[in-house]
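In order of appearance the chains are A, B, C, D, E and F, and numbering begins at 1 in each one.
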Amino acid sequence: MILADIYQLWSSAWPAGLTMLGLGSGFAVVLLIASIKLKVEIDPKIEQIHGALPNVDCGACGFAGCGQYAKAVSENPEFLGKCAPGGPETASKIALILNLQISDSGPPERPIVHCRANTADKTLYGKYKGIESCTAANSLANVQACKFGCLGFGDCTRACQFDALEMVDGLATVNYEKCTGCGACSRACPRNLIEMVPFAHEHMMTVACSNKETGKTARSMCKVGCIGCGLCAKKADTFSIEENLAHLDYKKYQPTEDTETAINKCPTCVIIYVGKSAPPPRQPAKKTAAAKT
Amino acid sequence: MSKIRYFIKQSWLLILSSFCFGLLLAIANAAWYPRILQNEKEKLNKLIVGLVSDANDFQIVIEDVNIPGERGKIIKTDIYKVRNAEGKTAGFAFVGIGSGFADKIKLVITIDSKCEKFLGFDVLSSNETPGFGDKIKEKEFRTQFKGIVAGNLEIIKAGEAKNGKVMAISGATVSSESVVKIFNIYIDKITQKIQEAGLD
Amino acid sequence: MTTKTTEGPILGQTFIAGLWRENPVFRLLLGMCPTLAVTAAVKPALTMGLSVIFVLVCSNIVVSLMRNLLKPHLRILMFTLTISTFVTIADLFLRAFQPVMSERLGPYVPLIIVNCIIICRAEACASKNGLVVSIVDAVGMGIGFTLALCVLAGVRELLSTGMIFEAKVMPAWFVPWAAMSMPVGAFITLGLLLGLVNKLTKGKS
Amino acid sequence: MRNTENEMEETRFENITVAPAPHISRPVWTYQVMTDVIIGLVPAMAFAGYYFRIHALILIGTCVISCIVTEWICNLILKRPNSLGDFSAVVTGIILALSLPPGLPVWAAVIGSAFSIAVGKMVFGGLGSNIFNPAMAGRAFLAASFGMMMTSWTVPATINPAMPEISAVNKIDARTQATPLAWSKMAIKRKEPADVVNEQLKAMLMGEVGGCLGETSAIALLIGGLYLLIRKTINFHIPLAVLTSTFVFAGVVYLINPQAYIQPHAHLLSGGMLLCTFFIATDPVTAPLTRRGMWIFGAGVGTITMLIRVVGGYPEGVMYSILLMNAVTPLIDRLCRRTPAGGKPSV
Amino acid sequence: MDTLNILLVGFISIVIVNNLVFTKFLGICPYLGVSGRIDMAFGMGMAVTFVVTLSGTLTWLIDHLILMKMGLEVTRYVCFILVIAGAVQLVEMYIRKFFPSLYESFGIFLPLITTNCAILGLCLFINLWGIDNLLEAVVLSFGAGIGFTMAICIMAGIRENLNMADVPESLKGAPITLITAGLLTLAFMGFAGMIR
Amino acid sequence: MKLETKGRFSFRGGVHPPESKSLTDEIPIQPGPAVKEVGIMLSQHIGAVCQPLVRKGNMVQAGQKIGDSDAFVSAPVHSPITGKVKEIALRSHAIIGRSKAIIIEAYDYNPTKRSYCKIDDDFDENNYSAEKICDSVRQAGIVGMGGAGFPTRVKIEPNPRLPKDTLIINGCECEPYITCDYRLMLEYTRQIIAGVKLARKASGCSRTFICIEDNKPKAIEAMNEAVESFGGGIQVVPIKTKYPQGGERQLISALLKRYVPTGGIPPMIGVVVLNVATAAAIAEAVVADLPLTHRVVTVTGEGVARPGNFYVPIGTSVAELIQFSGGLKEDAVRVILGGPMMGIAIADLTKPITKTVGAIIALTEKQIGGAKFAGRQTPCLRCGRCLEVCPENLNPTKIAHAVKHNLLDVAENNYINACIECGSCSYVCPANIEVSGHIRTGKMLLARQKKKIPD
């Protein structure tokens, strides 16, 4: 009985089975031959990324298939998190592939804002009533007295994909926990205040000013501006004075006693620490007194 | 030789599994196909019983009748004979297809044993606009066709619905027209075929 | 093999992920075609969801079993073959035992083949993980998909007929919004639901 | 008078502001543009009030109020500043109301208004961002949802006995009447002469026919449109293109078979054509920006309307043609991109 | 004349009246995904048109010449998808190798199309509608591709404009695209009933 | 012959802002304040920055060259007064923020002494060779005094690659409020004509037009008279009053129906456009050998107590000029260098004026838009008004929105760089959007992007 049933099933099923067999093997042959004959050389990095992708070709990333996406990511890391099927796992894998090429060249670069003036510290001129954008405001000379300092309209915060910058009291402040060092903020700042420097240490020392005015003028413009007095350069040789402005050689910078003295001796407190767990900046002693008058 | 070996090495899994899947499909098909057929028949049966009051069972009497449809297209359909409990002919049924407002409409149409009157119709499948066109499924519209003379029908929007005139559904004239059109396309050929075959 | 203590939470996470964090409809935006097409009412949506779960589980099992035997050039072909087989079986089953639903779903049942969720899970999960993880993942994803479908269908059915699961819910004076059962309703409801989900999850991820 | 001499070192004043040029501007504001549109709609509203009495009052009131409330709520939810001051919600409300049949229940009008503002406008980011005309989006939603109500026309209070009543269709409300367009559509289908409509030209001009609130009276709409044109609130390009293309299409059809189709000017006067021409198609937000684009847009609106009226499934196609042309407006704008006066840059 | 009429009506029907995207929800994934820019959308549309014509014809032939003759309807879905996937992969490789510039402009969209439900959907619908004429099947397939191109290009135009709109944060991206698509279907309802 | 003062020529687009010229147009040019100190910017105009030729503590004579550059596109600067160099330091600059300036302490400066030189009746431009004219123009540091400040020598010098045939003298002065050129045309007509003739001689142009807007009939009349008696071959053309008629691209298209290629300059189509003030300066430089050290500045606006036109040394501070004309009124809220449509708002009034500043305008809240919704932007209605007024046939709203949403490629595709920043679009916008502000921002962003990422 059972045998008869099985025979009956078999007799009705074998054509379908054979068709599929033929179809399957046919495609296998054709595709195998095609994959050998029609092979195209592509960039190994792209291929690597392509391999890391799910290869679903779902189009969720907005590109035409995984191949295009791999190419796009390899050219512009901004598209990193766009693969929905792969999720964060794939993103980190691609990041790894891309970073392998970059990370050999020393410590990661992070942005440093060369200004530390809050709204209260700056000498302001007339009220700005135009477009809320640093680039627009920068085209007008008289938004604030200091031509070099942070304008506080947040072009950098808008440029940041990772939410790592915010405007604190009219000053761009980097959140180094979130920062990935992509440099978008540095490119966005119309006053070139944000510099990408190699971050060799947990927190870095920086001259938080870009004002190239003479000491007197600088003082009249900003309570925490560099007056070019040269005290820091006397104390530590990683500092130098160029065009009335203190410079720090970030590549040579090592935290030493000398630099520590420099930071403490600076009369206008423009030398500060930035980075993860950086100590709060020194406040100029006269600030409160000056504010009252 | 090595090429064949390479090929087998690369694709044995695909070939094997395609064969297995083929078998699997065939088995599933063999096991369930009778049921699928029965479902279809049951559905038709249910509809016909709802239309022809004393219907008991039905069978195909003429296969593949060629109907000259819209724009010179030939549509094929089967004619069913509906029998009552005594085994006498209670009427005939056929499936009519035509385009509606949105997509194809598929109807079961019944006529009496003398091909004089329609016994009504029901919708096998349609994709008409919900709230408008799909009112062709509702009783108010369908009862108009019950007992209407089997000839060319006409759709009207106002006036009195009699003598082969059918009142359109308000707001869904197109769907109503499509139904009537299906009736008109089929009826002549079907009647002719039935009479030719002498199946009264 | 990993020990039980680490496997437990991983399995749980895999399961939960499909429900919300990586919900195929609301978060990954995959399988939009059935999501929109079959959600005019809850019942076909549920049927579709169950069919997807069945296909997902079966294909994940098969892919997971033969994950070490796959060859790169024929991988996608293999997946497609597996999936389409199980979809055909699901379709046959529906036609045999749920004829009404089968008719209602129409070609959208065979279209499960091209539902990105399935091939995506086969690729992203089953071809890399063991049997158990694959099954749990498939079930989680499937249930997530089904739930999303049902939510969408619930809203649409309620507004377009005043009923949920074919049971009258709205008061008698309610006039059904026919547009909700049309494509318009599908697109707009899903759009607004996605917006809502985005709003709810904002800042969490 | 302030002494600037003594402050040479720090010459600045607290109230001096800086901003990019230009420093002067013409005092025409958005709300004034919208007010103009509202004024232009007044004749149509007045005629609607005359013919449909309380129906008109209720519908216009309901739509305007619910549009305003919806916009207010949406602004609250989206945490946006209050945008009611630009009066665009009022305009949407009035246009929606004028394009509704007079007998529509109040709750349906509320749903339509809410859809118009919420889905038609606010989800896109409010005024100026919407792709589709909000009022037409709302009306289309209503037409899809409550088709029956949207196609039963209450007879104007001043009944015109010449138009045949179709009481048998809608047994609930005996006082309904087919619109001229519905009548023409039926004539096309039944291959009967459409003389009934052609004889009604004067009634259509005055508004003594069935139809939507603000659509029936051609003369009121013409007055309003003329006002907008004179005030330069709208350009003449779109209205002219719409009317011309409709007239030409209808004329060709009419010449082919004068028996079956209504006269071209009857097409212009009937249905929502004039309301659309002057108040909806000219909605700047959803129409192309360039002159050439406007011509294409207008011609598209007219042609699609006539296509739907003549061969489509609906008697009236203005609403759909507006929405369709709204959808392709970005493409038209791209096609008709302006080139600088000095030619394209060589690099 | 009749044949021509049928073909023309079928073409218009599938491009405008029964547009796959607007009425059948087919091809929604690329419709949402690849409609960001008009040139991309157009390339995608062209690729879909090409593949859908090819696969519509192929599957019709296989269906009618092999499967129906041999009573193997049960393997229909498997055969369809394998034919589509195989053909697409082959064509992609072929253009990539021999026509690199063509590949850059539209070949890159080809892999995406295998999982585009518009292709398989159309093949199934051709079967469902009972199209028994090869020419009609070809025209319908081509029309479906054109319809898809039209839909995705309109959407891309709108989305390029929406990039410059003030869309609420949580509705940006897919949600607003879906809502726009909804309103588009509302607009396209105007054509319903045009072909009878 | 009846004088025709109705303009027939015009361009497409443009706006009609209230002219407001009645504040100063009847006030003759007066000597400026007796300045104690002037600041000569080393960066006065487009082109290379000058290097100082003097050092702190040096004594300088009036007219002495104190800064120069070797670059082709450059012009030297001269000291307008006799005095001592106090310092060379950064001073507030209208365009680039801070710039180096030479501060000169005046030594007994008498403003009434200096005025435009007299032109004799027997003046003949053929007494001067073309090379001599060009050289004098260069040595006198003459730049375009209309606004942009392109070194004039570069403009008028014959260039074999770009032969010139038409010389247009721009006396349109289309910006509201400003009357310095108008007064110049009335009072120093002969100097202008002499300058025109010299420029024509130098550039070798065959046709010469003096274009004046038809809202200045007196100027047209005066010019016509002078041309009849004094200048042969020069044609005075009334032009329709419309802003920005004074833009050289618009003027050329209105007059000649020729279009300067996008991104190009007038010499590309054989045209030289000079401002009337520049023409007068050429005459001074060539005839009297006086460098460009003084200019006429209109100090006007509702926020100024006693508006007027003043002949002042370059380098005078804005504050001093305002003080001289009665100081700012209490309700003045904006001080502008240049016209209200294209000028730059300043807050630091210590700024010295440069060769290109023709006006200082102080406006009150009422003028800068005292209406109900002023200062508040509403969304763009796409009403198309900006498209209608755009003199360059652009789509300003699209460009502005693309910039606003950081889609620079879209902005570039809509020809952002063809914008002349005339501000007509912002002026007419009913939604109060700073269209031209956004476009200017976009240009800067684009330039930055190009610089940062080389291909």
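Everything that follows uses one rule, which is that a contact is a pair of C-beta atoms (placed from the backbone, for glycine too) under 8 Å apart; a residue touches a chain by one contact, two chains touch by 3 or more.
From a predicted model like this one, the values you see are computed outputs, not experimental measurements.
Chemist: What chains touch chain A and also chain E?
Modeler: In this structure, the chains that contact chain E and also chain A are B, C, D, F.
Chemist: Which interface, named by its two chains, has the most contact pairs?
Modeler: So the pair of chains linked by the most contacts is D-F.
Chemist: Provide the C-alpha centroid distance between chain D and chain F, rounded to the nearest whole angstrom.
Modeler: So the centroids are 48 Å from each other.
Chemist: Measuring centre to centre with CA averages, how many angstrom lie between chain B and chain E?
Modeler: Their C-alpha centroids are separated by 29 Å.
Chemist: I'd like the Å distance between the centres of chain A and chain B, where a centre is the mean of that chain's Cα atoms.
Modeler: 66
Chemist: Rounded to a whole Å, what is the gap between the Cα centroids of chain B and chain C?
Modeler: 33
Chemist: Give the residues of chain C that touch two or more other chains, as numbers and ranges in rising order.
Modeler: In chain C, 29-30, 73-74, 76-77, 81, 85, 88, 92, 116, 119, 176, 178-179, 182, 184, 188, 191-192, 195 touch at least two other chains.
Chemist: Among all residues of chain A, which ones touch two or more of the remaining chains?
Modeler: Residues 15-16, 19-20, 23-24, 27-28, 31-32, 35, 56, 58, 60, 125-126, 129-131, 136, 139-140, 142-143 of chain A touch two or more partner chains.
Chemist: For chain E, jot down the residues that touch at least 2 other chains.
Modeler: 23, 29, 74-75, 78, 82, 86, 89, 114-115, 160, 166, 168, 171, 176, 179, 182-183, 186, 189, 192-193, in rising order.
Chemist: Give every touching pair of chains, nothing left out.
Modeler: Pairs satisfying the touch definition: A-B, A-C, A-D, A-E, A-F, B-C, B-D, B-E, C-D, C-E, D-E, D-F, E-F.
Chemist: For chain F, which residues count as touching chain D in their complex?
Modeler: Per the stated touch rule, the residues are 11-12, 15, 17-18, 176, 249, 253, 259-264, 305, 317, 319-320, 322-323, 326-330, 332-336, 340-350, 363, 367-369, 371-374, 378-384, 387, 391-395, 397-398, 413-415, 417-418, 421, 423-424, 426-432, 434, 436-437, 440.
Chemist: Touching residues of chain D toward chain F in the complex: what are they?
Modeler: 1-5, 7-9, 11-13, 15-33, 83, 85-86, 125-129, 235, 284-285, 287, 289-290, 333, 337-347
Chemist: For chain E, which residues count as touching chain C in their complex?
Modeler: 22-29, 32, 74-78, 81-82, 85-86, 89, 114-117, 119-121, 124-125, 128, 168-171, 174-179, 181-183, 185-186, 189
Chemist: Which positions of chain B touch chain A when the two form their complex?
Modeler: 7, 10-11, 14-15, 17-23, 25-27, 29-30
Chemist: Note which residues of chain C are touching chain D in the complex, please.
Modeler: Those in contact with chain D are residues 175-180, 182, 184, 188, 191-192, 195.
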